[in-house]
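In what comes next, subunit A is part of two complexes: it sits with subunit B in the first one and with subunit C in the second one.
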Partner chain A sequence: MIKVEGLYHSYSNDENYAVKNANFEIPKGEIFGFLGPSGAGKSTTQGILTGLLQLQKGNVNVAGYDVKNISQKMFNKIGMSFEQSNVYSKLTAKENLDFYRKLFDGQTREPADLLKLVGLDGKENVRAGEFSKGMKHRLTFARSMINNPELWFLDEPTTGLDPAIASEIKDIIRKENNNGVTVFLTTHNMFIADELCNRVAFIVDGEIKLIDSPKNLKLQYGEQLVDVEFRKNGTVVKETFSTIKEEEKQRLQKVILDYEIQSMHTKEATLEEIFIKVTGRGLV
Partner chain B sequence: MKLWHSFVKEILLASRGFYFYVEIVMAFVFLFLLLFVIPDNFSNKSTEYLYLDLPKAAADAFMEFSVAEDLDQQGEAVEIKSGKNIYPANLIETDTSKIYYLESAEAVIQLAEDEKNFGGIVKLNEAGDGLAYEYYLQGYESERMKNLLLLFHNTEMSKLEETFNAQEVRPLSDGFEPLTDKQNMVPVFLTFNGSFMGMFIIAAYIFLDKKEGVIKAYAVTASSVWQYLMSKIGVILTTTLVSSLIITIPVMGTQPNYLLMVIFLLATGFFASTLGLFLASFYKDIVAAFGAIYGLIIVIMLPNIAYFIPSWDPVWLKIIPSYPMLEGFKEIILPGGDAAFVLWTSLGFLVAGLLLFVFSNKRYQHSLTV
Partner chain C sequence: MLKKIWAIFLRDLKVGSRDSLTLIIIIMPILLGIGVNLLTPSINDTTVNLALLEGENPAQAEYFADFAKVELFPNEEAIETRVKKRDHIVGILPDGDRYYIMSQGNEPESVIEMAKLVNMYYAEGINLEDATAKLFEFGETVPPLKKMLTNTLIIMISILGGMLITFNIIEEKTDHTISAMNVTTVSKNAYLLGKSLVGMLYPVFSTIVILLITGFRDVNLGQLILMVIVSSFLSLLIGFIQGINNDDVMSAAASVKMLFLPVGAAIAAIELLNQKWQILFYWIPFYWTYKGNDAVLLNSATWPQILLYSGIVLALGLIVYLYLSPKIRKGLA
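Up next, the complex of A and B:
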């Protein structure tokens, strides 16, 4: 669905690249997470893939279209949900969706259905300017589905949403993916990437450091850990033990035998911890 | 169809915004001024203060001659209020001037100084066989003016009259009515509130869309940037037509050639809108663009000076678009105006507008979304 080869991009048209030699391929039906801290080159890459930024160097094919000579028809196949809500504040929710659906050539979805899907039913005739930040974000998200996209670009789709709404948004993404929609998810939120993505790419300073599935990454880079709380000399002590390192396994056995255990939880390495391990950088 | 849908959306957005009404409200304000404040013709009569320092018989003879020049052949006793002083005077009003005959030379000098008008004292010459004139000018009068006064008082009237009569004056055409001063203001309002207002409003619309980020959303639809830009121009042309007709119909009635006017408004409005689009493509927001907008306002206002002071009409001024606009609107409202000039000028603005639109479209394709 997406094929990127030797992609470079510089905002200053020199060798100060925001994206350097990016190569990746996303097959149809995959949820692909593009992960990295702010300024890593995520939005630049996504901008090039969606035609918002002009391709400078490299080969990019999106939904069967060469981005070098972008065709308006390509946009019939893709949907884009922006991180910053960008809807017409003077139009109602329904008017916003009604307008955008007329800008596509194929079959489009009913605005009322989409508004219901994102929990904005009953707000159809309210102007977007009167919406809260979260509601505007949901409207932006709903709009990205208006043309039944085959390829769906999502930029921080749950940022700023309360947990219940974020969970509903994640369910919608899963459901659309189950219907065959390919998803390109840009985020610095490792939890949502871990939950949703079939594969993730770590990008830092414009370079893709690795691409793999969250499961493989955990197997390769993660450690199985156990968090234990136990009572020692009248005070509660909290320690984390590796279940892989021999020395720590023995110490864990000793603690179980010698002390009163308060609580014990197994824990696998998070994607965020792996990201830091691989790139040497945090996600903020 | 996508262009139509975009246009309908833009009309809806404009009708819920502020800028749409600015042009319409301004049109009504201008209409009010034209109908109720601006007179049909401005008074251009000069004001003069005179004192006759003459023996009574000579003064009476002078006054008799002067009263004969009065519009209703009789003077009017008036009082001139100047600061805290009140001066009794005898007013003689002719086609070209208002002459106040005062009671003392001091009053003439004081009024000439306070009211910044022309003052004069008429007395007998040294020989006592003719009149001598003492003028009190403001100091900034030109040498030409002073020479004219010298010539007037040192040359025999018969010779002056002979020279005047020897001048041949041939009108190039006849059979048309001149515009009143009020009607003469209409092209100015049409140029600036009609055509050029669109330039600023379309730039404001673009900056508003940039602020809301909706352009990015538009850029990932199967619609083209040119349709987005053209739909905005459509809104501007609609308001231009409405606001211009609000001003023109009540003031000019059926006199103008309305078909020509619509063609000219569309062509000039299109040009001004594309100029606004082009300008806005270089700036991130309206604050950043303010300097350029202000500079442009100054430049496009300059032809106004030539319009009202025809003696100042340098060649370079004619390349400023507002110059041919003013002339074009004037031809439209003049009975028997030059339709060919209006049509050719419309074509010129249309071509220039199309070129600007192509440039703007190229620029927006690469600058709207970053």
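Up next, the complex of A and C:
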């Protein structure tokens, strides 16, 4: 569904790349998670894939179309939910969707159904300008489904939503995926990614550090982590060690020998911890 | 694709109807048109009310009745009383073997002139058909001030059309909806066209309304609409670029206001300046628009003349287009 080779992008048209040598492929039907801290280059990559940003360098094929010279027809197959909600404030929720559906060629979905799906039923005739941030975000999300996309780009679909609604959004994504929709999910929420994604890419400073399934990552890193609290120079220090990395094993031994241990637990690593381990970076 | 362009236009229209500034722009020309009407004498006063002495000269009364509304009165005092009433009626009274015109003084000049003419035609025995033709022509003579104000109003309307586009673009920028538009099947050209429709149709529509209000009903509408459309092309280019360059409606309106400077200069040049200075203003598209509109309003325009003027406006517009088009496209990316 998506094939990216040697993708670079620089906003300043120089060597200062927001995305550096990205290579990945997404088969049909997959939920692919693009994970990284804010500013990592996720939205930039998504922007190039959806033609919002001009492709500068590399080969990108999306839904069978070469992104170098985009055909408008491509957008019949694509849905895009934006990180920053963008709906017409002077139009009602329903009017927003009614207008948007006219901009596609194929079968489109009923605005009323979509609004119900994202919990905006009863708000059909309220102008989007009067919506809360979360409601606008849900409207933006609903709109991205209107053309029955085969390939669905979601940029931070749950960010800023309260947990109950985030969970509903997650269910909708899973349901659409079960119907065969390929999903490109950009997020820095590791729980959502963990639950939804078939595979994830870790991206930091414009570079993809790793691509694998959450399952493999946990097999590789999970249950082999030890949380240790120990007293060092009078203060309590908390550190997590891998029991498979040789260097960390030796450090763990040294800690046990040298300091007074307060507590010690083995545990399953979260995707977030794995991310930190792999990239050496946090997610915010 | 036409359906999508139309959808964009209808959306702009709907949003416009909810925006007070847009509504003001739509209503303002109508009010100004009514203002022009109140300020200047009306055009098509071909019917004149005449007050005559009953039985004094029945043949004359009959002759007059063919192009004027004739009222008969028993004596001079009755006519005087009638003429003094507020509406425009003049008396024609015998004075020896000639006739004189009795007026109140507040009648439009055209009414008096008309009465004199009718009187003269009768005196000279000009037959009815000739007289009617001549009188019709006379009635069509357009008051210059009215023509000038109406013309200026029509040009202003085209600029306001551009301003409507500016408002629309600023709305899309504020709501960040351009990126949502860019992931639909609507191409940039179709989008620009859809957005342009408001800036094209509004001037055409408003111009027609203005013609109806001010009474220029017998002008060659085709010629005028052509002038309006070519001028609007320029206005909408400016509308787009102002929308892109400004983030709020007020600063955009302020920049668009600058346009009234060359417009004013062109009008002043045509109305006030000697022929030898005219060439200095040839570069202003509105100069040619004004000239074209003027000829149409005078009912003296020929198609070759209008095609020449609109061609010049279009050519100047195309130069602006070549310059602005890349900036507009980039601004909407």
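As a working rule, the second predicted complex is superposed on the first by the 240 of 284 C-alpha atoms of A that agree within 3 Å, B and C clash if a C-alpha of one lies under 4 Å from a C-alpha of the other, contacts with A are read in each partner's own complex, and residues count from 1 in each chain.
As a convention for this text, a contact is a pair of C-beta atoms (placed from the backbone, for glycine too) under 8 Å apart; a residue touches a chain by one contact, two chains touch by 3 or more.
A quick note: this is a predicted structure, and the numbers were derived from the prediction, not measured.
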Fit or clash for subunit B plus subunit C once both are placed on subunit A? clash
Pick one for A:F184: touches subunit B only (first), subunit C only (second), both, or neither. neither
Can A:L103 be said to touch subunit B (first), subunit C (second), both, or neither? both
Scan A:T50 for contacts with subunit B and subunit C and give back first, second, both or neither. both
If we overlay the two complexes on their shared chain A, which of subunit B and subunit C does A:K73 touch? Say first, second, both or neither. both
Thinking of the overlay built on chain A, is A:L91 touched by subunit B (first), by subunit C (second), by both, or by neither? both
Subunit A residues contacting subunit B in one complex and subunit C in the other 50-52, 54, 72-73, 75-76, 78, 80, 82, 84, 86-91, 95, 99-100, 102-105, 140, 143
Tell me, which parts of subunit C touch subunit A in their complex? 3-4, 7, 11, 14-15, 18-19, 171, 174-177, 179-187, 333
Which of the residues in subunit A come into contact with subunit B in the complex? 47, 50-54, 72-73, 75-76, 78-80, 82, 84-91, 95, 99-100, 102-105, 140, 143, 147
If we count contacts the way the header does, which residues on subunit B are in touch with subunit A in the complex? 1-2, 5-6, 9, 12-13, 16-17, 212-214, 216-224, 366, 369-370
Residues of subunit A defined as touching subunit C within the complex: 50-52, 54, 72-73, 75-76, 78, 80, 82, 84, 86-91, 95, 99-100, 102-105, 140, 143
